[in-house]
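In the two complexes that follow, chain A is the common piece, with chain B as its partner first and chain C second.
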Partner chain A sequence: MKSLRQSMSWMHTWTGLLLGWILYFMFLTGSAGYYDTEIDRWMKPEQPAPVDITGDGSALFQMGIDYASAQAPQADSYFVIVPTNRTYSPYVSVGWQGTDEGGERVSGRAQLTADGQIVPDPRDTGGGQSLYQMHWTFHYIPRALGEFIAGLAAFFMFAAILSGIITHKKIIADFFTLRLSKGQRSWLDSHNVLSVMTLPYQIMITYSGLLFVGTLFFAPIIVAQYGVSEDARDALIEEVFGIGDEPERTGEAMDLTPIAPLIVEARKSFPNEPVSRLTVTNPGDATAHIQVFGTISEAIQRKAPSVTFNGVTGERLEEYPRGIASALDVIDTFEGLHEALFAGPILRVLFFLSGLLGGGMVATGLVLWTKKRRQKLSPGMSASKSLLVIERLNVGVVAGLPLGIAAYFWANRLLPLNLAGRADWEIHVIFLTWAAALTHSLIRGPKNAWVEQLAAAAALFILIPILNALTTDIHLGNTLPLPGRPGDWVLAGVDLWMVIIGAGIAYAARIASQKTQASPAAAKRTPSARRGRPLPPPQLAE
Partner chain B sequence: MLSPTAERPTGPTAKKTAKTGPATPNPWARIAIGVFGGYITMTLLITASAALLPIHRSDAVVLGLLVGGLIYTLLFIHVFAVDSWKIALRDLGGLSAVSALIILIARGISGS
Partner chain C sequence: MSWLVGFLLALIGLAALSVSMQKHQRQLYGAPLPASYSKAYRRGGSAFVAGAVLWCVLLFGWGQGLVIMCGIATVGSLLVIATMTLKPSVLRFVFRQPRA
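Entry: the complex of A and B
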């Protein structure tokens, strides 16, 4: 009987390998999601400056309500969101829902500037949201299928993490061990260091990801308690999430109460955070009520406190507090950690880097798998076709995806503004570039493909600020804060990140290039050097 | 190198295999049992626990969603930790059968 550690090593290899490519995609696109609203702004250069909130924002809320009631006087509900922080749109967002005379559902929404002007439609773009959302929807497949695959990948990842922990004899030593230029040993060390350094993040992001798709992925748990009927669904929503039926309209016309006093009253319940959103149900009717929300990103828990008022008299009806009180609160906390909406600039950088390191962890694991198989080959024995193909595809996946993401930013600036389905074409550019990278790696072989694709990705990223300067006015020359000029750190930050990411990839390309040049000489000296030295178990156990 | 969880060679080929090296590791049976068997067992286990515990069905759902991933992963690890896939199948099957029995008895008692 083999030891548990050896069993886990074997399981770690297979669980990591099976969904490794998908996990790598999820890590990279998910990491971009930490800057989704910033990328949104960068990708819509035509839009005006963001709304600056003064006071408690009650004037903006009142403006939003007035606009919605003028646009849709018969609507069943309105919402207004003001930009209290980066989580929200930089303008006043107004929306409404209702039914028309034929009984059809109708809805509308608009974005307003501080003086009530409609924000003109920007270029048709997927923005940061599409990039972020594809890490669990995968864009081209039905959303439910995408969520299920994401759940399965998260489950495999979690199993791989736990088995990886069990496998390690010296987890602390691994944290400080990185032997470079040692062939397969270097890949193993890199994999270990990246994993151990970000271990708490990896555990959190994986399990919280599983919770995000839990209602779909673990649907039988819900069905076992509630069944599958429409009534069961309503009962579930009401009992678990506390969302009941809306009150019926009486038909008695009544004006809405002014918003400003309600905001003052609501903030007594959450004095440390601004009001970000309000919803109005049954506006213009005697049954109207107004729910005033705090900010979802103010605390780790992904839940905004709220106070509900009678929409006519302004009487306080109920309060929805935030607090660790139930299993649902634990789930909300995990989900809050996953999205990191609460994170300030420095913590956000750490989340972003941890996500990238997670991608690096998966990538080194994928490469390590092929290195191990190479090392097992007897002298003079050639690699199997499947190993050759996987080696090459690994390059296309690992180096090709950053190339595709960089191409996405280029597409945003270069695709014709009147192109039909422009936002979709931006996404197509990612995957077409990625497909081209896979083809390139199959043709050129791993050594050449590593260098060429990493160099291409680095160049594309580093040149983005220049492309931006040539095609828009929101370039570093205008956005970088200077003495006497506030600038715009959000837009400047996106450009600067592109250069930093490009520099990082350029460094990787340089290392790959040095390896490629050194490899033939080393191979000449010691024919077995390319295969590396055998490693003791359990690290190599499979 | 011998795969840590390669099934022990038995039967007429055992001697030959033992001389020439390890049996080819076959992870697919364990992966299938871990993924599908683990999922079924986890669902039954959580449903049975909900039947035994004096909690409302909404709490049972939320608790189930919260710990489902952990239980599923532990079952999956167990499938890889035991000596052969047959033992894994026996363990998961047994746990599922006991859970199903508890659910049937509980529902029989409550009349739902």
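Entry: the complex of A and C
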């Protein structure tokens, strides 16, 4: 009978392997999500400078309301968002929705500069949002299926973390242990070190990821409790989120109260954070309500406090503070930790690095799986075809994905601006590059493919700032802050990160190259390998 | 600046904790250090890490402070591991071997 540790080891190995490739994809694209709005700006170089908020932003809110009421006087609701921090669009976002005379739902939105000019449409791009959303939607499949797969992967990951903790006998003693150039032992050490070092992050990101898809996995319970009708859905939303029916219009026309006093009044409830958003329900009617929100990213909890006012008299009606009183508040806290909207620049770097190290943990685990199987082969015994294929695919997945992501940034700058479906083509470039990397690794074999793909990815990343300088005006020469010039750290930061990431991958390519050169016989492809037959162990063994 | 203080406290603490382990003492000095040294490094290291936690919590509050501490500890241990593996002479210089 297997001991608990052996059972956990088995579970850790297989849960990790089964969804390892998906988890690696989720870690890398999810990590890019920590800079989604920065990448958005970088990928839209035509857009003007961001709006700079002065005072409490009431003039911008009033401007947004005036614009929305001019565009859609009959709308049922408006919203206005001002860019209080990186979480929001860098311009004044205005939106409206309602029903037309035929009863059809209509909506519209616009982005305005500080002086009320409409921000021109940028190039058609997926931007940072597509890259970020890919980590749970997987882009090409229906959203619900994507969420299901992401949830399943998170579930397996959580099982792998817990079983990994139990399996790892000397978790404290091995905390700082990394032995290089020891073959399988080095891979195991790397996997352990990356896992233990980022353990709090791994547990948090996995558990909170599961909470995101909770309603999908617990759908039967919700259906059993509430039913499946539209009314049942409304009842659930009202009970859980406290969002009730909107008041019916009376038809009595009334002007909206000025916004500025409401903002001053609302900030008495949340004095330490700026007002970032307001919504107007039933504008122009006697039943108008105005809800003024704080900033979602001021605290860990992913929830903005708000105050609701009578839209005609300005009377304070309701208040929703942040709190830790309900299950929903706990979920909001975990989801806030997952998205890290609250993180300032330094903490954001730490989140980003933790995400990348998480990707490294999965990658080392995948390689370790193949190394272990190779180690078990007796002398003279050839590796199975499945092992050879997995070895090659591991290279294509692990080294090919960064290559694809780098290609995404190149596509943003090089695809023709008038290309139909341009944003989609940017995404296609990621997956086409990735597919090419997988094919390349199958043809070239792991040793060569590691070096070539890592080197290519490093070159693509490092050259991005140069490509940027050749194709736009938002290059480091203009964006780096200098004495007498404020610069733009957001845009410069994206370019600099590309160089840092490229340098890191180049270092990995150098190590892979040294290993290949140290065993030239292993890199040399034999006729039997070209015919697809397994190579003899001495030539492929570490 | 306040970040840097927390990070340095954690880094020194984690480095001392790593040197307090016999396997790393062998790696650095070729032999284990006297037990009194190991004990001192362990206690000192724990105190520095605890100081880093306290610093972060006092400065950023319980919620954000603990999150920041986790991030700092991750990068700090990454640096310690990299130094231990690639440049052990740095650790040997900081944590001197007792004279015989």
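Throughout what follows, the second predicted complex is superposed on the first by the 519 of 542 C-alpha atoms of A that agree within 3 Å, B and C clash if a C-alpha of one lies under 4 Å from a C-alpha of the other, contacts with A are read in each partner's own complex, and residues count from 1 in each chain.
The rule is simple: a residue touches a chain if its C-beta (ideal position, glycine included) is under 8 Å from a C-beta of that chain, and two chains touch if they have at least 3 such contacts.
Quantities reported herein were computed from a predicted structural model and do not represent experimental measurements.
Room for both chain B and chain C is found when the two structures are superposed via chain A, with no clash between them. In the superposition on chain A, A:Q514 makes contact with neither chain B nor chain C. Once the two complexes are overlaid on the shared chain, A:Q117 sits clear of chain B and of chain C alike. Put chain B and chain C next to each other and count what each touches on chain A; the higher total goes to B.
After overlaying the two complexes on the shared chain, residue contacts for A:Q6 are found with chain B alone; chain C is out of touch. With both structures placed on the common chain, the touch criterion links A:L210 to chain B but leaves chain C unconnected. In the superposed model, A:L357 lies in contact with chain C only, and not with chain B. In the superposed model, A:F176 lies in contact with chain C only, and not with chain B. In the superposition on chain A, A:A159 makes contact with chain B only, while chain C stays out of contact range. Of all C-alpha pairs linking chain B and chain C after the chain A fit, the shortest spans 19 Å. Interface residues of chain A, counted against chain C in their complex, comprise 173, 175-180, 193, 197-198, 200-201, 299-300, 337, 342, 346-347, 350-351, 353-354, 357. Contacts from chain C toward chain A in the complex involve residues 3, 14, 17-18, 21, 23-24, 63-64, 67-68, 70-72, 74-75, 77-78, 80-81, 84-85.
Against chain B, in their complex, chain A makes its touches with residues 1-4, 6-11, 14, 18, 152, 154-155, 158-159, 162-163, 207, 210-211, 214-215, 218, 220-222, 224-226, 236, 239-240, 326-328, 330-331, 376, 537-538, 540-542.
Across the complex, chain A is touched by residues 1-5, 25, 27, 30-31, 35, 43, 46-47, 50, 56-66, 68-70, 72-73, 76-77, 80-81, 83, 103 of chain B.
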